[in-house]
Structure formats: C-alpha cells, structure tokens
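What follows is a set of structures for review.
Below, subunit A partners subunit B and then partners subunit C, in two separate complexes.
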Partner chain A sequence: MQETILVIFIITIIIALGLFAFYKYNLNSIEKFKLEYEQLRAYTLLSTLPNHPQLQNSYLGNPENSIDTSKLLSLNLNSLGNKEIIIKQVYPKIEDKLCSLNNYPNCSSYLIYKKESSEKNINIISTPVSLYFPLTKEYRTGLLEIKWNY
Partner chain B sequence: MKAQEQFSWIFIVIAGAVILSFFATFAFKYQSLQEEKLAIELLINLDNAFFNLQSSPFNTFDIIEIPKNVQITCNSLKIGNRNYSSTNLIFSPKELNDKIYIWYKPFNFPFKADNFYYITSSKNKFYLIANDEKTREFAKSLVENLPDKIKQNFYIENIKQPNGKNIFLYNSQTNDVKIINQDNKFTVFYNDKIYEDASQELIYGAIFSDDFECLYNKLRLNLEDIIKTYGKKSLILQNSKCNYANFNLKELKELRYQNAERIEKLNENLASLSCPPLY
Partner chain C sequence: MELLKKAQIETLGLVVIIIILAFALIFALQFILKNDSSKLNERYLQLNADNLRNTVLKTTINGNRIKDEIVFCNNNQNCDELNLIIKEIIESSIKSNYEFKAGIIEVKKGECSNKNTLTSSIQPIALTEIKVSLKLC
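On to the complex of A and B.
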C-alpha cells in the first residue's frame, strides 16, 4: 500500500513539474508575443505618424507626402505610450538646436512627444521624411526617430 | 496497524486534494493564458486593419473574421474579460462577432482632423425609416455612399422594425436616432441631444454607433488639439501681406458644417493671393 502511494506521489510530482515547465514556456511565449506586438506598434507608428493630421502637410486640403514643420511647434499628441519622438533635419545640415517658436525655422530638431519610462532597454527606430517649411516654401530632408522603452 | 491504515487514507485524501487543486489551478491559468494570447492576436489583426485602411487618403474598406466576441466602447475594446484602451474613433454597435466590416473615412473639417472607422458585423441590421418620397430619396443617398458589403445590412422601411437599429429620417415621436434633412442641412437627434448642421461623416457616425455622444465629445477634444496646432501655425505665417486673423478656428469646435465651409473659402482666398494656405 505504502509503495503504491509513493509511486503515485512521485509520478504526480513529475507530471506537476512537467506541467509547470509547460506553463512557464507558454508564459514566456506570451511575453515574447507581447514584445513583438509592442515592436509592431512602434513600427506602425513610425509609418503612420507622417500622415497624422497634426503633422502632415497639405495644400488646400489635399495631403502632401511631407511633414509641415510649422505645425510641429505646438503639438499635443494623444498618449502614445512610453516613447520619445523627435524629428531632425539632416539635410541641409544646420546647427543642432531644439526648435521653439522663438528660433523657428533656424533650428534642427523638433521634440514632438516624450513620456519617460522606468524600463531600461531602449530601442531606436527611424525613417527618413520630407520636411516642408511654409514660410520659405522649401522642402528639406529629415529623420523621424522613435525611442521606446521595453 | 489500524492507525497506520487510517493515516494512509488521510494522507491519500490530503494528497489527492492538493494534486486535484494543482491541476485545477493549472487548467484555469492555462485557459486565461490562451485567452490573452487570442485577444492579442485579435488586437494585432484589428491594428493591422486600421493601419492599412488609414494609409489611404480616400474611403477604404476591409473585412476581418473574429473568433471571439468583441465589445467596443468609446475608449476601449473588450475581448473576453480583458479591456484594451483605444484612441481610435470607432463608430460601431456595442457588440461585434463573426465577420466584421470596417469602413474607413478621413474626417476633413475642412482640414484633415481625424480618422473615422465605421464597424459593423455581418449580422447587424440598420433600418432607415422614411415616410415620404423626399425622405426615401435621402435614405437612398445615404445607402448609396456605403461600401457594397455594408449596403446589404441596410434596409429602407416605412415603419419601425424589430431586431435592428432604427434610424428615423423624419421627426417622429420616438427615442430612436433621428436624422433630419432640411435643405441639405442635417440635424441629428441622438438620446435626446441635438447635433445641428452635422457633416456627412457624423451622420454615418450616429447611424453606426451605439455610443455616439461619447465619440462626439472625444472628437471635439481631438479637434481642439488640431485647432491649437493650426492656430499657432497661423501666427507663424501672419505678415503684413497675408492675414490669417479672420480664420477664427475656435468656432470649428461646434462641429457645424457651415463653419468648415467658411474656413475653406478663407483658405482658398489666401492661396489666390499667393499667401501660404493654412492647410
């Protein structure tokens, strides 16, 4: 009788350990899945942000494939999570200055969104964009950069 | 000997209970894990659909199959027991299942102000109730602009119908949604509130949504941000030759179509004077 109990007990322990390992594996795969989802969201944001109504340049209501820099100085974007989003002018190269109403358009970078996070890992993704300056009716080359923590 | 046998039975019962509770806990946890996985997969599908649709400046349409019921409120999507916040403006019935139709329309007021998503499932029915030839024509024009798949969910009737959403196109004494067309000025009556001079996008919003009031307020908040952005832009562009002071963008917050038309004309005038247009 005691031997039977012992055998059943040990087998149960082994099954339980197996199930625990399986559960942990599944949990990890979900975490990985979540991370991939967050990554996907960041990449989606990178490609949709230039078309955002508060950023996109338009002429008489027709959308243009560029970012209107005069709109970047007073942006209030909805919560986009723990990220920092910067648009930098890369060509022609000018002195590295954060843009404000006082120094526009003689500046090079626009901080359009920032929400700090305690997470240590930082991922930076970027894409080239066309920047439009309505005062001078000029187009320049820029870089849209998203830093996100995970 | 008898005491030892009794101990063995007590041991079996306790050990059995522990083992059983362990398996039960495992089963519940595993189920919740799978539910979360399914919910995330569904969210990815919806996100992809929203993303693909809004990358076009025109009206676009998509169909997706959903394996679980999704409850859509003004600020969140509920899949199973889990809530996921959403910043999108989704005009839809509260509960969706099976096959869902997503119709995207950019909201231009008069500049692009937001992205509208009209969602319905294949089983939802919408009845446009007309009482004369004029309202029947109006109903036909509303259906005409819909994507073909969604058209199949719309019916033009003379009297209120069961098992669906009734939208009255004349002033009736009911609590249902009413959309009145008076010389091409549209007034929406929704839950005892009146939305005058509504644009076409908002009319469809009232038709599709079960939570129109909240979405309307959410749109106004988003619009406020965009108005501020354009307000600052007008200050940057202002000079002795080009006057942007007449725009009075704040009146757009009332969401009256005539205000959008007025601003559109001012913008065109600026362009004709070789000034940079506001939008």
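On to the complex of A and C.
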C-alpha cells in the first residue's frame, strides 16, 4: 500500500512538472505567434499601402503605381495599430525636413501615421516607392518605412 | 480482491503512459506544424525587387523618365551618366547586393552568382527589345 502511494506521489510530481513545462512552452509559442502575426500584418501593409486610394496617384481614373505627395499632407489613416509610417524621398537627395503645408515640396519626409505603444522593441521594414509631385509633374524615388513595436 | 487491486494498478500505469504519450504528441505537433518564416523574407525581397525596378524606371531626370533615357542611351551606346544615376537610386533605396540590367546598361554591387537571389519579373520596354530586370541577393 505504501509503495503504491509512493508511486502515485512520484507520478503526480512528474505530471505536475510536465504541465508546468508545457504551460511555459505554450506561453512562449503564443508570444512567438503574436510576433509573427504582427510581422505579417506589417508586411501586408507595406505591400498594400501604396495602392490605398488616399495615397495613390491616378490619371483620368487609372492608377499610376505611384504615390501622390500632395495627398500626403492632409491624410487621415486610422486603425493601423501601434505603428509609425513615414515616406522619405531618397532621390534626388534634399535637406532632411518633415513636410507640412508650409514647406511642401521643399522637404524630404512625410509622417502619414503615428500611434505609439509602450513596447520597447522596434522593428523597421521599408520598400521603395515612386513619389509623384503634381506641381512640377515629376516622379522622384522614395522609401515607405513602417516602424512597429512588439 | 487481490486480483482486482493488481488490475487497478495496471490500469493506473496505462493511464500514466497515455498521459505521457499525449504530452509528447502535443510537443511533436507544434514542431511539425511550425511555419517557415523564410517564405515571408522571400516575399519581402520579391516585393522590394519589383517595387525598386518600377520606381527606377519611373523616376524623372532632366525632364524625362529613366525608362525613356534607357532607350535613348541604348540607341546612342553612351550610358555612363545614366549608370551612375541608376546606381545612386538603387543604393539609396536598398542595402543588399544587386544586379540591374536594361539592354547595354548593367549596374551591380557585389556578386549574386553563388547566393540565394530573387529577380524581379522581367519588364520589356514597349516598342524596343530592351528588357529590364533587377536581381537582389
């Protein structure tokens, strides 16, 4: 009888340890999954945002596969989560200034969305985009940059 | 009575074995069903290659688009200045090694031959035989 109790006790301890290990492992997996999910959301946004009607340049109703910079000055994007989205002009190079209605088009970066979070780790992804300037009717090279916290 | 006790202990043993097997299976399943994150990086590189090729061709220099300048320089066989501009655009946009080809224009950084590379879809320029491609590695 005593042996049986001892065996059951040891097995109970083993199962409890197993459950604890499994809980910890699952918690890590969920954290990792959350990170991957956020990463996927950011990459999806990076590929779809240049085609957003509020940003895209169009001629006679046809999309031109470029971003109309004049639209960026009064943009109102929402529900994109805790991110910072910036569009920077990289060619031709000009003085690094944040664009506003007062200094457009003599500026280099457009802050189009910002929602801060308490998370400390920052991940930055970017992709090249074509920037259209309707005042001079020219195209310049830019970078769409998404910073997200996790 | 003695036989019944023995049977109970054996049943308990079986239950323990099944619990251990269930744990092992759950751990194993998590490894088997694990997603490969390299696919995401591959798609990201592909997106950058396609976007960069489009952006380079669209950029305006001296009042003309680079696409038109490529046709002009391919006809005149003089692309030195354009090569430098394309190089500057690409290197200010990405940090990885690359190979850009458009007719006689060939701009590159580093060697792509022995590495994992991703090429943008090849884009022909209308009414010419020039095909534009950008390889990132």
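Rule of thumb we're sticking to: the second predicted complex is superposed on the first by the 148 of 150 C-alpha atoms of A that agree within 3 Å, B and C clash if a C-alpha of one lies under 4 Å from a C-alpha of the other, contacts with A are read in each partner's own complex, and residues count from 1 in each chain.
Operating definition for what follows: a residue touches a chain if its C-beta (ideal position, glycine included) is under 8 Å from a C-beta of that chain, and two chains touch if they have at least 3 such contacts.
Since we're looking at a predicted model, the values are computed, not measured.
*Asks:* Fit or clash for subunit B plus subunit C once both are placed on subunit A?
*Replies:* fit
*Asks:* Go through the superposed model and pick first if A:Ser130 touches only subunit B, second if only subunit C, both, or neither.
*Replies:* Once the two structures are laid over each other on A, A:Ser130 reaches subunit C alone.
*Asks:* Counting touched residues of subunit A, say whether subunit B or subunit C comes out ahead.
*Replies:* B
*Asks:* For the overlaid structures, how many degrees, to the nearest 10, lie between subunit B and subunit C at the C-alpha centre of subunit A?
*Replies:* Value: 100 degrees, nearest 10.
*Asks:* Applying the document's definition of touch, where does A:Arg140 land relative to subunit B and subunit C: first, second, both, or neither?
*Replies:* A:Arg140 sits against subunit C, while subunit B stays out of touch.
*Asks:* Figure out whether A:Leu40 sits in contact with subunit B (first) or subunit C (second), or with both, or with neither.
*Replies:* A:Leu40: touches subunit B and subunit C.
*Asks:* If you stack the two complexes on chain A, which partner ends up touching A:Leu101: first (subunit B), second (subunit C), both, or neither?
*Replies:* A:Leu101 contacts subunit B only, not subunit C.
*Asks:* With the two structures laid over each other on chain A, which partner does A:Ser74 touch: subunit B (first), subunit C (second), both, or neither?
*Replies:* First partner only, subunit B.
*Asks:* What's the minimum Cα gap, in whole angstrom, linking subunit B and subunit C in the superposed view?
*Replies:* 10 Å.
*Asks:* Residues of subunit A that sit at the subunit B interface in one complex and at the subunit C interface in the other, please.
*Replies:* The answer is residues 40, 47 of subunit A.
*Asks:* Give the list of subunit A residues in touch with subunit C in this complex.
*Replies:* Its residues touching subunit C are 4, 8, 11, 15, 18, 22, 25, 29, 36, 39-40, 43, 46-47, 50, 65-66, 90-91, 93, 125, 127-130, 138-143.
*Asks:* Quick one: which bits of subunit A touch subunit B in the complex? Just the residue numbers, please.
*Replies:* Per the stated touch rule, the residues are 1-2, 5, 9, 12, 16, 19-20, 23, 26-27, 30, 33-34, 37, 40-41, 44, 47-48, 51, 53-54, 56, 58-63, 68, 70-71, 73-79, 101, 104, 134-135, 137.
*Asks:* In the complex of these two chains, what residues of subunit C are touching subunit A?
*Replies:* Touch residues, subunit C against subunit A: 9, 12, 16, 19-20, 23, 26-27, 30, 35, 37, 40, 43-44, 47-48, 51-52, 54-56, 58-60, 63, 65, 88-89, 92-94.
*Asks:* Note which residues of subunit B are touching subunit A in the complex, please.
*Replies:* 5, 8, 11-12, 15, 19, 22-23, 26, 29-30, 33, 36-37, 40, 43-44, 47, 51, 54-55, 57, 87, 108, 110-114, 222, 225-226, 228-233, 236-237, 264, 267-268, 271, 276-277, 279
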